[in-house]
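First the structure, then my questions, so here it is.
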Amino acid sequence: MLRLADIDKTYGATRALRAVTVEAEPGTVLGLAGENGAGKSTLIKVAGGAIAADRGTISLDGLSIQPRTTHEAQAHGIVSVFQELTLLRDLSVEQNLFLVDAPLKRWGSIDRRAMRQQAAAILARHDLTIAADTRVGDLPLGQQQMLEIVRAVARKPRVLLLDEATSALGTTEVAWLQRLVQSLRDDGTMVLFISHRWDEIVSFCNRVAVLRNGELVGVADTAALSEAEAVRMMTGHAVSEAEFPNKGAASDGVALTATSLRSRSLDNVGLELKRGEILGLGGLVGQGQGHLLEALFGAHRVAGEIAVNGAPLIQPMPRRAMQAGLAYVPQERKTQGLLLLKSVGQNLTLATLDRLRTLLGLVDAGAERATVEAAIIREQIKTRGGAEPIRNLSGGNQQKVLLERWLLTKPSILLLNDVTRGVDIGTKRHIYEVIAAIAREGVGVIWYSTDARELVGVAHRVLVMLGGRVAAELRGDEVTADRIVAAAVMGAGQ
Amino acid sequence: MSALRRILGNNWPVSVFLLLLLTLIVLKGRFNGFDMRALSVNSLPLVLIALAQFLIILTRGIDLSLGPIASVAASLMALHISDNAMLGIALPLFAGLGAGLFNGALIVGLRLPPIIVTLATMSIWQGVALVLLPDPGGSVPAGYQAIFMGSFSSPVIGLVTLVVWTALVTWLLSSRFGLSLRAIGSDELAAQMSGIRVRRTKITAYAVGGMLAAVSGMYLAVAMTSGSPVVGDGYILSSIAAVVIGGVPLVGGRGAPIAVVMGALILTITASLLYFAHVTSFYQSLINGLILLVVVGSPGGRDYAAGLVRR
Amino acid sequence: MNAVRTAAVPLFLLALTLGMLALGQVLAPGLANSGNLLQLLKIASFLGLVALGQTLVMLVGGIDLSVAWVVTGSAVVFTALCAGLDANTAQAAAAAIAVGLVVGLVNGFGVVKLRISPIVMTLAMNNIMLGATLVYTGGTPSGGVSPALRALATGGVGGMPFMVIVWLLVGTLAIVAIRYSRWGRRLLAVGENATVSYLNGIANDRVVIGAYVICGTMASITGILFAAFSGSSFLGMGDQFVLPAIAAVVLGGTSMFGGRGGYGGTFAAVIFTTMLSTVLVIGNISAGVRSIIFGAAILAALIAQRLLTRGEDRD
């Protein structure tokens, strides 16, 4: 049995965990649920040795252990799969699988042949059809995530910690993971599982521990807990299914057209977006949705034509796309969106610096302060002020800053790349309202989301992508979660 | 064939070297044992420092103090070996090891950027060499030359030495330690999270690098039969150049030792080429610079640098 | 809060400098008078100008090792063309500055368009400049500095050396531009994360190439002024600036990885390193020990600075 008792952890002024105690029995899958910043990831990192707790004890099968590094945790049989991939992209699949325990030849050099054979066996055992000598960086994100999980499982853990391990996986891959977790559970492995998606918690876990603001709210059997009850535990107030605001009606004016876009990951994609329309993009992860948005914004090179408000975009690049009235909120907040060393204010005005120009090229400090203060109030960003470093903010508030930066550009077309992934319910609802409001004002929105229910709630029309093509277009009553998921897996014609 | 490819990494630097060698032979009209010995012995110090630099660059680090470490080693050897052979050999090696450990400990322990730490230790070791040996001097009995480099007409010992050191580093890289080095250079945080002992591995890389630099300095002292406090300064940047010409990207994680050796040989042979082509030595650094740019700037060069990932 | 942090490094270096000064005063009573201090600033100004360019390049995550022979090459071109005549000064200076400008352009182009790593690119350009300078001079620099420029580099007004005035003006301009201009914002954005800045409409290539061009130009200007100060150009005159300039930039708190820092810290660090060398010379310390102390002092300052700002890069 794994027992984490009275765990405390403080970061600067925030208490990430407060006297949290959870237990996992062999042969169970324990879910950890909670909003962003509830402390789930911190707790799992404490168990995995990635973070040292300030106070509290960890015991495994009655023995007290104190893993100070992931390495020490692994020595006790506790293996983690983190939200961030820890694979070495420049190394091959086999080298990644045997990073610390590669089979050796007599003189201490690595036995490549044995390593390749053993790697191939591991991959085959887990239904992964990847060549063992592939460079990991060349694999699609979903397969990298699967490999990460397989690598952890191959270490034959007593305890497996899965921190948002499904975030890069599509529907079929999630089913794969579910089978894997079940077989581990049946073999007596303890599994701790974090996910933002309640349906995954229900399908993966026997029991669930709910955290809120660093404290344990309760532990229950997943079968005995309704979703509404769980949401109430997570948020502290009663909320039913996330509510979606009124979409308004799309106008007849065309905001954007794209014709026969082709690239390495796009295969003859065309679309038309009306003013005031919210066009959803769906499908399995990595079917070209992100590249389509980047292509429209000029950040992914394509052949084909793009026209904004009737005028063609020539040699598209982000700067020109912005001038034409486009705005793009990327998926990876920390690597593609924010400047983490800079302040909240500097992040807010990054895309609109040209509007703050004064004599001699200086930034208009007064106008900037006014803009920033207004934006913080309008978006209810929780911060001590515009000068606070952005990295001090929670994920949800960082996301608000990023979205508001692009709203400040007063775009006529807004491209959203899975902007609610990993964001707590409160922020999600805020984002839904803000986007619906600007769509009602006539802004055209293209919104890629990995969450089919979200697309149903926000979009007028949904394009489902598969293998770089638009596999299906769903309008009106056709826009249902079932239809989106079905089209994602099977393409058109069903 | 594939085995050969695996050993050579990629034939780009090998071909360039062979081409230059051929040109030299044509210009000179001969290439006998004497020439071969000269080439292997002249290139040996740069080969060793370049291999040291390579181990460190694999971890996405860099070491500007390797040249001065070689100077310290050469000075220590020249000061002591006539009186006490054991001391004259052990002292420089320990100095190199200590200097490398010092670099590694500062870089790993305080998470300081390698380039600035080794910039500071570069100054320190340059100073130490000057304190030990204010002017070129000391002596290394000529007998050592016969032992470590062979007689003037025989290339055997020189070539064997070259092969042995290359093989040693190749073996080191094919071990788990080598895989750890590549992993750290590829993504240090991910390597840490994957259970690699990042701190220990990095410190070891700097320590081994320091030792190799010391050995290089000792070869220099043997070749000159004396010590000099500035003998290693010329290698501070040329060791980086050799690694780069060997197709190793400075962002770490990739590269093959044999290619680095070829990089060092290419730099060495261009010097003799210019001499025999009756080109003033003024052009030498100009040409070295151009080679460097051609290697890293040409599309072929870049592909080839990337291709080295696959062993 | 942020202001305190930005000022922490320069203040710390100032304290170190004052400590050095006190030590120097003990070693050589009378060192700490205003005349000597201004002389010291005058000597520091050359390093300061080189370090200014280096600061910009390092703010965009690069490094410029070619300044050594850009300084020398420009100085050599200047003295050769100027030939000691006031009448030739302007054209000679323009030609010499063009050297640095072109080298900077090539460096920037290689780094940005060919994606060559900055260390390699500028190392290669340094070699090329070295070779080109040797070939151009045939091994012996010729010509001379015009009296007018010599007066600028060595003279002053009311006890205030011209060089110090130039340095203060250019330095202030750099501090303000990096911190308060839109260009500075872009420079810091590109340096921190090129993907983010590109996705926000910033012309990354132009910003980075610009930094290298300014760096090359500053190196050329330094070469001309330093030749004027020394009375002639000589081979290798630029070597003494490269590593101290990099050390000063890093000591001044500019991150080697780009995106964080400024010229204020560099400015203070340049004064500190110059003060340190001066005190070591005054203390009549041998070249070897001087080199050791210099290296150790840089390490000590780095370590102290790391301990002072500890926890800052924690997430």
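Note that the chains take the letters A, B and C in the order they are written out, and that residue 1 is the start of every chain.
One rule holds in what follows: contacts are C-beta pairs under 8 Å (C-beta built on N, C-alpha and C of every residue); 3 or more make two chains touch, one makes a residue touch a chain.
A quick note: this is a predicted structure, and the numbers were derived from the prediction, not measured.
Judged by contacting C-beta pairs, the busier of the interfaces B-C and A-C is B-C.
On a Cα centroid basis, the chain most remote from chain C in this structure is A.
Computed centre separation for the pair chain A/chain C is 44 angstrom, with centres defined by C-alpha atoms. As a whole-number value, the distance joining the C-alpha centres of chain B and chain C reads 30 Å. Residues of chain B touching chain C in their complex: 62, 106, 110-113, 115-117, 119-132, 134, 229, 237, 240-241, 244, 249-251, 280, 282-290, 292-293, 296-297, 302.
Here chain C touches chain A in the complex through residues 1-2, 176-177, 180-183, 185-186, 188-189, 192-193, 195-203, 259-260, 315, going by the rule given at the top. The touching residues of chain C, when paired with chain B in their complex, are 63, 65, 110, 114-117, 119-121, 123-132, 134-135, 138-139, 243, 246-247, 250, 256-257, 286-296, 298-299, 302-303, 306.
Against chain A, in their complex, chain B makes its touches with residues 171, 174-176, 178-180, 182-183, 185-187, 189-197, 253-254, 309-310. Partner chain C is touched in their complex by these residues of chain A: 297, 299, 318-319, 322, 328, 330, 335-343, 346, 350-351, 353-354, 356-357, 360-363, 365, 387, 389, 391, 405.
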